[in-house]
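The data blocks that follow each hold one structure.
Common to both upcoming complexes is chain A, partnered first by chain B, then by chain C.
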Partner chain A sequence: MNSELFIIPFNLGLYFILIYSVVRSTVWFRDLSRSDKLRLQRGFFGRPFMQSIREIFMESLLHRKIFRKNPVLGYMHMSLAFGWFLLIVFGTIEADFFGERHLNPPSHAIFFRWFNPGHGDTGFASVYNFWMDLLLAFILSGLLLAMIKRFIPGMMGMKKTTRHTWVDRLALISLWLIFPARLFAESFTCGANGSGSFLTGNLGATLASFLPAAQIAPWFWWLYSLALGTFFFLLPVSRYFHIPVELFLIFMRNSGITTGDRSSSYTEVQTHACSSCGVCISVCQMSYAAGIHNIQSAYFIKGLRNDRDISAITANCLMCGRCEEVCPVGIELGPMRLIERRQGERQDSIPGFLERYSLTRKRSTIERLPTQSYSYLEREDPARADVLFFAGCMTHLTPSVIAAMKKIMESAGVRYRFMDEKGGVCCGRPLMLAGRDREARELINHNSDIIWKSGAKILVTSCPICYKVFRESYYLEAQVMHHSEFMKNLIEEGSLRLGYLHRKVVYHDPCELGRGSGIYEDPRSVISYVAELQQATQEKNMSLCCGGSLGNLTLASGKRALIAADAAKILTQSSPDELITACPLCKKTFVQATDTKVSDIAELVAAALPEPARKARSRIRRMTARTLADG
Partner chain B sequence: MDQANKFGFTINRSRLIDYDRSDRKVRDYVTLMEPSFRLCFACGGCAATCTAGYHKSFNLRRMNTLIRRGEIEPLREEVTRCMLCGKCLLVCPRGVNTRNVVAAAAAAIRKLDRNEL
Partner chain C sequence: MKEALKHIVVAGGGVAGMEAAGALAEMGFRVTLVEKNNDPGGHLGRWHALFPDRRPADEVRHYLRKRIEHRNINVITGTTVEKIRHHGHEVAVDLSGGTEERADAVIMATGFDLFDARRKEEYGYGIYDNVITSAELEDLFNNGRIVKADGKEPARVGFIHCVGSRDEKVNNNHCSKVCCVTAVKQAIEVRKMIPSCEVFCFYMDMRMYGPYYEELYRESQEVHNVNFIRGKVSEASVNINNRLVIKVEDTLAGRPLKMELDLMVLMVGMEMSAPGAKCAAASGLPAGINRFLETADHHFGNNLSSMKGVFYAGTCTAPMNITDTISHARAAVEETVRYLNRR
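So, the complex of A and B:
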């Protein structure tokens, strides 16, 4: 039959994408580091395999995470992914079961109705037909939602939707054409043969009543095949490459591979696994509070994928980590951005259309020379101490926090030494956030030297920025504690006796302490010990950034103020007496953004300390005297 | 020399900064990359709070003057000392994005060396 030629575009596309995916994954596997290769091999033949299968079902097909965020958006993704999956599975079974032969080529299942136009009038076959029509209707309903979302993003709880390149658009159009083309192709064939179920049958009968269905049907079958073929060919260079790549990513992640601090094939896989869904855009405070709409993670990844010079995008991010929390694919966006910051400048080399298919990419970089040098720092010989207190640069700008910490430690009888009392050296985290690890190492070595020499067992810091870098990048014997953890320990062991303040407070999780270091509960338990803690609408892993973040080198102060004002407004919705934070930088930023009193957790605890006995006695004497005088 | 020490200070050698001939490349680049650089009114708050300045002569306010005057050579050394800790950012009454001024100045010097400015 000559008209069967229409299966050619589909077949070409299908075999191309299958071979391409296999080759590309092989190259990715080859480029993994030795240890990561072992991890992946071990993961493939162990428990992580089942975990991955489960995750693929729950996330790649059902899209559970997106469902949780917004049911309509979740339904849209599920109907397209899971619906299409079911359509392929049941289509294959149908072709195998009702077709004249077993083990058919894929095209036979995809174009089943063309090959068996009169099939499915009686008994089980008609039930099966009904089911296949239902699946098609399921996908088409999702497609309708997708079209609505493209034009009215607000309907799906999205504040913004992603802007696309022309390849993405072409791929999108071909994807959108696939299912309507199938619907009309099947309907016309059914209409010409008087078969089909509730959808294709009825539509077919209606169309056939005034159109020459048998002549029109092949055109739609051609369209269906062309749409599929185009989609498959564009897959590797469009955002839809995430569909096969995400599966690979899930296996890699469950095998225990992490991003690390340099680009590898894992970062490459993550780059391609991004679906540009735009969930990161709608949680980004830079977007909805400061009106900057071009730097969000989706655009960052897109720039990486398309080899653009994205240094401005890379630098302009608060590194708060909210996008990473909501990313349905689980891409480690923070580490990815840091890797790119370390790269420094890049040449803007836009690859040609065909170059995008290349299996390995050579990215042009200009070698980064060290910009800073701290050889001027003099070595110090500190006195020995068990507990070392490191206030950090930011805390030095909030002297009240230092005073509160001193008061607390004295009251608890902690023998400590104040490491940077006379102005220490920066912890190195701001340099690392700027992608200057080599320079940061100099500061880290300087501080480590002091800490080791002091023989400290515990290093307490009141700045989450320092805390994170002490914990992750310093090699220390001392246990690193944030002051909220330290205070919690003091309270629990009974060395800190506290009164109760009758205040309603809201706690703000600093980014570096909460999402950055996973400390959510310690500050909360300290606060509930001394005051009434109210819940904020966005807290813990979805807590807001104050806008002051040192992670952004380029953001203007006016934009920071907008973010701070927005965050402060949300945090003080329940009109608390005080807004408590655990970071001196957050405190400094919020003070300017709200009328509510802003305090550090140390200040709150210090306020709850009972007064020294002599002062208290004189106060009681004064009160008694006043009562007597009144009486 | 002895005379000078007696008073505890010396007389500076007279210097001439010709603004018509000074090298504006670095200044222009820094202003382009960080427009808030223009807002600086040289109050010196940044220099007073500076972490690096505590250990070594590093002075953002002086850097500002050097950039404006186009004195590249002394600037070359100066930009390498900043720790990017961000105290100056919080102290600045004019909202100058101080850390980016340092970063932009360093980038400008690198570009100058590569003849890209």
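So, the complex of A and C:
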């Protein structure tokens, strides 16, 4: 009985994919940096392992994140993944328990009904049969939804779905065939033998009533096995490779491996873990507000995977980070794009089939030559100060923010030095976003030197772009504070006496401050001291980009205006008196896009200062001294 | 009995609207001139003297006021045209306040708005005391004294060209045409009123396109010692003496420059007027990428709209000076009359 020929395609496919997975993981592991190897080893024998198992269960099988986004889409993924998983588990148990012997080869479990056609008439076996039919029905319901989604993506809350290559299509067809083939194979066998439960039994009996079931059954078993085998063979070269790779990714991530700033096995794993689901396309403002549909993260990753010249795609992104927030796989899309931006010129190389799917293939790195040097910058010897205020280039373009900050700090009696009052050097972040890290480093060194020499304990900046780079890429003794954090401290320690403005305001989270640096609550609590804060429909980690982003140097101003107008419209839905932001660039962008008054959070606070500003210096000096001691 | 006069609604009582209304009335049509302000006259009402010959703006104002003193013209002030639509053979014009006018044709002469300089916050308009717009400088000319916020005369005045024009960042790619020569005219006037005052113009290009403009530009340098620096001001701040400090790159010398000013004049450009844009959108009249009204043809249909019986006159189609506006309004009248006779 075991020598049935139809199991060959399945067996070949299964052993191929198992061997391939082992080799591939080994190659990826080998290419990891030393420290990442250690992390993974420690993770494997420690708590991260259990975390990963839990995450695999919740995300790869149950698809909790997708469920939260859209229940129908979640159900579709869950029924296919979790249903298939249960079918394999219970199928194996079934084969072991009811089969002729224990420890069967996998094919015995998969084709159990063929080998045991009359099984499951009575008692426990019939209950078990019912359960297996139920699982199959569960999977088939998901499959039905998948087919509907392919043709009507809008039904699952998706605005766009990704375009597929022909390999993807072939893999998709084989995947779609697996379960209907199993249903008919089992039904015909059951029909011929008068066995089966509610699904296979009834369908089988019906089919057998007018068809020669026993003769037809083997054809469907062949189809079932072929579909499985084809799917396994196509797995490494199609988008469905993301299914096994995601498991690997989860282990790596939970072991503490991060993307870093150059390509590695981890970026390769992330590249292959992308399922091209297209969730990133739906949230992309470039897509729905500006009508640019070919640069989204799914296409970016696809270009990486196929080793294309994607410099135009890579550059044309606001770097707002919304896609990263919703990515169900948790790929670090921002850092991935930055790595690619650091690349030099590359040709569009279309590798041969073998080369393309070679196990050791990696996206080549091309060293970008430095284009300029800032060696002409003269070293400065700054006066010493406890608090340094760095306005940054963008705040210099919004003088009202500088005026407000001066007024606030004067009113609170803060003794500060205005680091770039007469013009300073850029913080370096715009260069980093453009992939010019080496040039940025020169500016960072220049500014660091000034900050260290000043002996400052607190460095305040009113620009989130500067804030992010000061926190992440500078090595400083001074505590870096965004002006919203600084104002919150001043208010809480009692240094700022503020009136209440009877205004309804809405707050816009700047990308670099919110998603970029995780500061959501401080600006909100500052605003709540002085005005009535309304909620926006899209805020905090899903807040919109204003469109003015420095992260994109190729986007035309007309397209930016479209994004800004859309974002401003959504933010001002509740018709607030004022739109408050905490970034000079967002302010400048929104002023062009809405009739609602746009202000920086510092301007709002300054407006709440009593006139004339009180100067209870001695008391306040004590307070500031305390803050500095705490800091 | 005499046949009832054909009726034309002119939307906007600025230079173009007044000229068109006057010309039509003269030809025996009944005209309703709708003006949003309490007095017709448009932006010209604020101007002290006109380029290139610095003739008093009053002379042109007087001509236009006479032009609309005609029994066939009914002027409705404090009202805007909200929407234009077809109603049988006639055109129905919805006015603010809910009233409706029936007409045989409509001339859109809704004009322009001056760019709101607050949108270029880096120049500090509305933030620093001594930053004013070119229109506000005309107010000072009318008052007869150029003074700073503290009431003293400035020792150095800077004119910033292209504020809100040719600037991608404010989504205005168009040139407003008249600001260059206006700056030259105003610079001369400042030099004449305060001979000790230094005057600097910061420009991208000097576009002296009209008759006698180039001569005026030459005169400003040779006779009045106005300084021209090619370069756009990047930002302005205030120093401890409350003097403005501007940063600019002198692109001819190829080096950055910092300069202190007592008074900074922003040469604000032209944008499609907001009520005009609103009316056009409601009526289905298309706007171009610069947001001015799109005419049927650049060369031989420059007064024609996409709607039957609706014609365009003046700066609602593009920035233009007073000379061109008056010619354009007369051409609109000709198109209108031709349309009415053919009907």
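Methods note: the second predicted complex is superposed on the first by the 602 of 631 C-alpha atoms of A that agree within 3 Å, B and C clash if a C-alpha of one lies under 4 Å from a C-alpha of the other, contacts with A are read in each partner's own complex, and residues count from 1 in each chain.
The rule we apply is simple: a residue touches a chain if its C-beta (ideal position, glycine included) is under 8 Å from a C-beta of that chain, and two chains touch if they have at least 3 such contacts.
These numbers come from a predicted model, not from an experiment.
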{"item": "Chain A as common anchor, with chain B and chain C clashing or fitting", "value": "clash"}
{"item": "Contacts of A:423 with chain B and chain C, given as first, second, both or neither", "value": "both"}
{"item": "First (chain B), second (chain C), both or neither touched by A:148", "value": "neither"}
{"item": "Contacts of A:557 with chain B and chain C, given as first, second, both or neither", "value": "both"}
{"item": "Touched partner set for A:396, first chain B, second chain C, both or neither", "value": "both"}
{"item": "First (chain B), second (chain C), both or neither touched by A:374", "value": "first"}
{"item": "Touching partner for A:591 - first (chain B), second (chain C), both, neither", "value": "second"}
{"item": "When both partners are placed on the shared chain, which of chain B and chain C touches more of chain A", "value": "B"}
{"item": "First, second, both or neither for A:8, with chain B first and chain C second", "value": "neither"}
{"item": "Footprint overlap on chain A, where chain B in one structure and chain C in the other make contact", "value": "396-397, 423, 557-558, 588"}
{"item": "Chain B to chain A touching residues, read off their complex", "value": "34, 36, 49, 51-52, 54-56, 79-87, 90-92, 95-97, 99-100, 103, 106, 110"}
{"item": "Chain C - residues contacting chain A, complex", "value": "118-119, 121-122, 124, 127-128, 168-171, 235-237, 247, 289"}
{"item": "Residues of chain A touching chain C in the complex", "value": "396-400, 402-403, 423, 557-558, 561, 587-588, 591-592"}
{"item": "Residue ranges of chain A touching chain B (in the complex, touch as defined)", "value": "369, 371-374, 376-378, 393-394, 396-397, 422-426, 430-431, 434, 436, 443, 548, 550, 553-558, 585, 588"}
